[in-house]
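Which chain is which? They are A, B, C and D, in the order written, and residues in each are numbered from 1.
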Amino acid sequence: QDLVSVADYQRYAQKHLPKSVFEYITGGGADEITLQRNRLAFQQWSILPRVLRDITDATTATNLCGQAFRHPILLAPVAFHQLVHPDGELATAEAASLLDTGMVVSTLSSQSLESVAQKLESPRWFQLYMQQNRDFTLQLVRRAEAAGYQALMVTIDAPLHGVRNRAQRAGFQLPAEIEAVNLRDRPPLPRAEFTPDQSVIFQGMMSEAPTWRDIEWLRTQTKLPIILKGILHSDDLRIALNVGVEGAVISNHGGRTLDQLPTALEMLPELRASLNKADFTLLVDGGIERGTDIFTALALGADAVMIGRPQLYALGVAGKLGIAHLLRTLRDELEITMALAGCSSIEQIDAQYLRKQF
Amino acid sequence: QDLVSVADYQRYAQKHLPKSVFEYITGGGADEITLQRNRLAFQQWSILPRVLRDITDATTATNLCGQAFRHPILLAPVAFHQLVHPDGELATAEAASLLDTGMVVSTLSSQSLESVAQKLESPRWFQLYMQQNRDFTLQLVRRAEAAGYQALMVTIDAPLHGVRNRAQRAGFQLPAEIEAVNLRDRPPLPRAEFTPDQSVIFQGMMSEAPTWRDIEWLRTQTKLPIILKGILHSDDLRIALNVGVEGAVISNHGGRTLDQLPTALEMLPELRASLNKADFTLLVDGGIERGTDIFTALALGADAVMIGRPQLYALGVAGKLGIAHLLRTLRDELEITMALAGCSSIEQIDAQYLRKQF
Amino acid sequence: QDLVSVADYQRYAQKHLPKSVFEYITGGGADEITLQRNRLAFQQWSILPRVLRDITDATTATNLCGQAFRHPILLAPVAFHQLVHPDGELATAEAASLLDTGMVVSTLSSQSLESVAQKLESPRWFQLYMQQNRDFTLQLVRRAEAAGYQALMVTIDAPLHGVRNRAQRAGFQLPAEIEAVNLRDRPPLPRAEFTPDQSVIFQGMMSEAPTWRDIEWLRTQTKLPIILKGILHSDDLRIALNVGVEGAVISNHGGRTLDQLPTALEMLPELRASLNKADFTLLVDGGIERGTDIFTALALGADAVMIGRPQLYALGVAGKLGIAHLLRTLRDELEITMALAGCSSIEQIDAQYLRKQF
Amino acid sequence: QDLVSVADYQRYAQKHLPKSVFEYITGGGADEITLQRNRLAFQQWSILPRVLRDITDATTATNLCGQAFRHPILLAPVAFHQLVHPDGELATAEAASLLDTGMVVSTLSSQSLESVAQKLESPRWFQLYMQQNRDFTLQLVRRAEAAGYQALMVTIDAPLHGVRNRAQRAGFQLPAEIEAVNLRDRPPLPRAEFTPDQSVIFQGMMSEAPTWRDIEWLRTQTKLPIILKGILHSDDLRIALNVGVEGAVISNHGGRTLDQLPTALEMLPELRASLNKADFTLLVDGGIERGTDIFTALALGADAVMIGRPQLYALGVAGKLGIAHLLRTLRDELEITMALAGCSSIEQIDAQYLRKQF
């Protein structure tokens, strides 16, 4: 069997999925420089191992926003799982439950947030795209609370689609039978009119984008921990801390929005340092495919990592079993890395285990 | 449709244009090291974005040499547009007008500077190749003034053709029906004779090249702003400032003259700094293909950028509509970059938004 | 004849050996980043030569753990030579004897350690994998002593197999007729049971792994010099020194265990320095294929080097003669390097002969 | 015509010459890392040009060891020109004369040093391989003096052939009809016998290699300027200065001897600086293919450059005319580089015209 790593699932997915769907998932913004650097970022670091230690009491258990996780690998919010498999998010949720893996369900799930929650026995978080209509945003929050989601991950780095040339060239379009079911009741937007001097982008699309004011407002509306997804600048991280949210995902959205963004991994040490040991949860995502990648991210200051595209590859190739196998592989690789590096716990993993590559 | 970026136009042009013409346009000097580095220079930088800002009042409007521009993207002077399309510079001018884009018309245009000016409703500048005969140079300047051009861009980095091996290998020759119409009345040059110790290059061709004295003379002859095109050394920039010209294009002529020249982008910060905040307009060109490239150049100190080859690709592939679409794409990409980086105006774009890549 | 370098043997082996066997031998862990870097590490350095020196009295003779070696190139411990040739370790031993080359026989040899010792006239060392059962470990040590092995090389960096994706994808399995004959009498391990919260890796496999306590114990059981194979961290090297062993192999196990490990070569200067001139033998292995590689390793502080995979390539391609030719080639290349660098002895080779590459 | 650069001649030579001959010429030592770096070394530097200068009085004329040269490009000593063309060194000499180019004739020329001298009207130097028999060495020197050679270039970096794997793999052998005619009268070497402990390399081949004593002796035997070819270490350069020779070629012998040697270009600044402005001629060779390469070498401290392999490519492809065209091309490219960089003389070319590449 030659399906033994995350990259293998990508290879298989390329064969099994319709080309336009595969291109849409795999692709990044513009020239995909950021996308490629997301992988290269991990190769900037070597893991410097310790030998002959007793690690028979080792564990990957950890704690995020006060909640217990069996291991620090989460499924990132990813829209429309039914694009690759009719079982969609429900299958993903079942596999996550099997492997005790936290799952972040997207606002743009192809199955309702309530139905996914029902299948999910492992930690469940809801990813929120804030809506122009605050009432409708609040309605989504209340549904998530009611369905038992334990945190809100608010994505703030994608007010625009970016320049998705690869998906455009492949002619990708959302199939008619797939829908953002959670947004069915969304009130229609007022039609915009522009003067010749105005820009469809600045005065059009960006007028729907959330600002810090909206985050402050949301903070007052729910007791759930809030994690902002898509911060790369330490000044923004400090604002987030002041606004009272519990955490952030350092992310460039998988290289899918603006090309030429820095990688989450390269920003991580600086961002962690800027927190001055404040109690604040930092996740990272982007390009994570190996146990060694997870170890590296944790060593540089992340509390946990999220996995995006590989979910869809595994789901597309082998449904629920695919995702379960994928998560098993990642967990095993993380444990092997810890064992061979001589590390017994997630807290113990720090920069002393790393060394800059030549 | 898979024509969604500047690079796509190049791909299409390679299919549509005669090989020798395509090679002539695309090619650079010698081993094309500078040409390649022109693209790579932009990948030395990442864009560090700010999130959750309100940018609904954003604009790309700017000011160059006291003249208003809707956006900081200009069409670089490029010879002989009819090489790729019978509509030539007239088509380019119409497209530029549609997109409110400044155009710099070359001395070597294949249609007369007067006829191009008539089609041009957006800012129009004239690129001047100084002639050995000062009277004839002056005649060109007077025609440009009369036709309403608002600035003179004097190209100083190409007194020789350089080593254009790629065009040579492809056997490129200017087709008989295409002509430097603006130079029709040029007085014939005296035939040169060399002693055995003399060089055709030093004592021959270079005897026609302009020097600082010619620039000083030109300065006394016209009230139009003068912009010197092709400066890379800060000492030359200081001389330019003293000579009283209004601006400069930092440029290696698209990598077409001397190979191994530095890129404009890498010299830009040093050159901007050497100006000590003097009021002097700096443009850059070379390898600009993306909104993120434009943003990077502005952040490093440019007031505006120019686009060379892509004009000819778009014109060759789809005529006037091609250029219009190309300009639309670049403007949109710049706006998307500003929106996702959290920048509301051209002046706001500075080095704080950049980070050196690993 | 186009078999003139180590790389040529690899090329030929790829043709001659069954694919799964070749992949098993050649492959490294996970994405083989460490494997590739093992080769690249040598290209970080140039050799700065001295000219016009008299070196007619030069020699490669050297001394390791008080034992005389004709040259500082050893055959690394490599399991199961019969995988590539029916003559197995016996043939390797005969070739080593012919070329006065030290050989380190693996615990996992496919022919008994006693039979190999009988063919071996050059320096012979035994590589020990410590067994969970101390009595059985001691039995192996006593057999090695009895057979005349002059040192124990204890491998400590491979308590787990690591993520051998390449071998897995090629479906490699040990053929039925090949066996770890030295371990025939190994007492069966107790069957492990795990609670749902336990990990097969941490609580299972790693419970068999040796720790520093086991090394301390071993030190009390034998008078043979002990060399720990697989140290990369200077803190571990200092512990080794304190525990009283005689030497260490700086090694990442040929890139076969954890991917993203640093290379032995890059760690070498730091590790040598950390010894503060203590009398301690340092070997390195990983990616050594050329006389210049050996010279570089010695110049950076190694006392000798070991060669892993190339043994199996040469044995597989041409049996005993292959190995003899391989060793001849490496010795000649080392001598040529010394001659052209102006170096007369192994001790003379130091960092003054090196220069960082641009 | 697509023969417009040095690289074009290589391409054509690959088609026209027998494979084993082409491989012998083109190839370098071992893995050809040094060979590749010889080219890459030039790409570490950019040329920073000055504009609008008057250079109508420019010239490439220069002075080496007190002798006048029309330009600083010499033909490096290269053995056996008849390998590629029956007209051999005579044709090369005629072409060199046509282009006023200095030629260094090899001890291993396939036509007698006297016959070559007769065709050579431009500066002529003789490359000397010192022979084990001092009388015979002296005989070569006297013949060179008699034939009008004006300097001796003593090659000291190739006492051994090195590891020429590429030529070996191609099965290269000197054809029967080609001979080192200058060495016809060489007295036979005594047959060597080795003890088992001795090395064919150290005690055999290297016993014929010259040492500093031989250079001291040679210095007393001739009034011709002596230039040592193949120095890379500044300590050796200082010895050379003390021994009283007039110059040195910084060279790694075109990457043909020891692989992993540094490039001449990277050592040049350090070696020039180590001379403390002493009057000493420094040449460099290795990988020079462009006018910009020559300019870079001069700017870093060389007095002139030598061209090796390209001679044979041009001679093989088009005989005397090929070499003449090659030299014309290189001279033109150098003049174009000077013109576009704003440099009027060879002395003016210095490090201020260079900039490290990103």
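Convention: contacts are C-beta pairs under 8 Å (C-beta built on N, C-alpha and C of every residue); 3 or more make two chains touch, one makes a residue touch a chain.
Quantities reported herein were computed from a predicted structural model and do not represent experimental measurements.
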Quiz prompt | Interface composition of copies chain C and chain D: same or different, split at half | solution = different
Quiz item: Among the chains, which is located farthest from chain C on the basis of C-alpha centroids?
Solution: B
Quiz item: Can you give the rotation angle that fits chain B onto its twin chain D by Cα atoms, in degrees and rounded to the nearest 5?
Solution: 90
Self-check item: Centroid spacing, where centroids are CA-atom means, of chain A and chain C in whole angstrom
Solution: 42
Quiz prompt | Geometric centre distance via CA averages, chain D-chain A, whole Å | solution = 59
Quiz item: Tell me, which residues of chain C touch at least two other chains?
Solution: none
Quiz prompt | Every chain pair in contact, whichever chains are involved | solution = A-B, A-C, B-D, C-D
Self-check item: List of chain A residues in touch with chain C within their complex
Solution: 1-2, 4-5, 7-8, 42-43, 45-60, 290-292, 296, 332-333, 335-341, 355, 357-358
Self-check item: Residues of chain A that touch chain B when the two form their complex
Solution: 30-31, 33-34, 37, 41, 44, 156-157, 159-160, 162-163, 165, 168-169, 171, 199, 201-203, 205-207, 209-212, 214-215, 228, 230-233, 235-236, 239, 257-262, 266
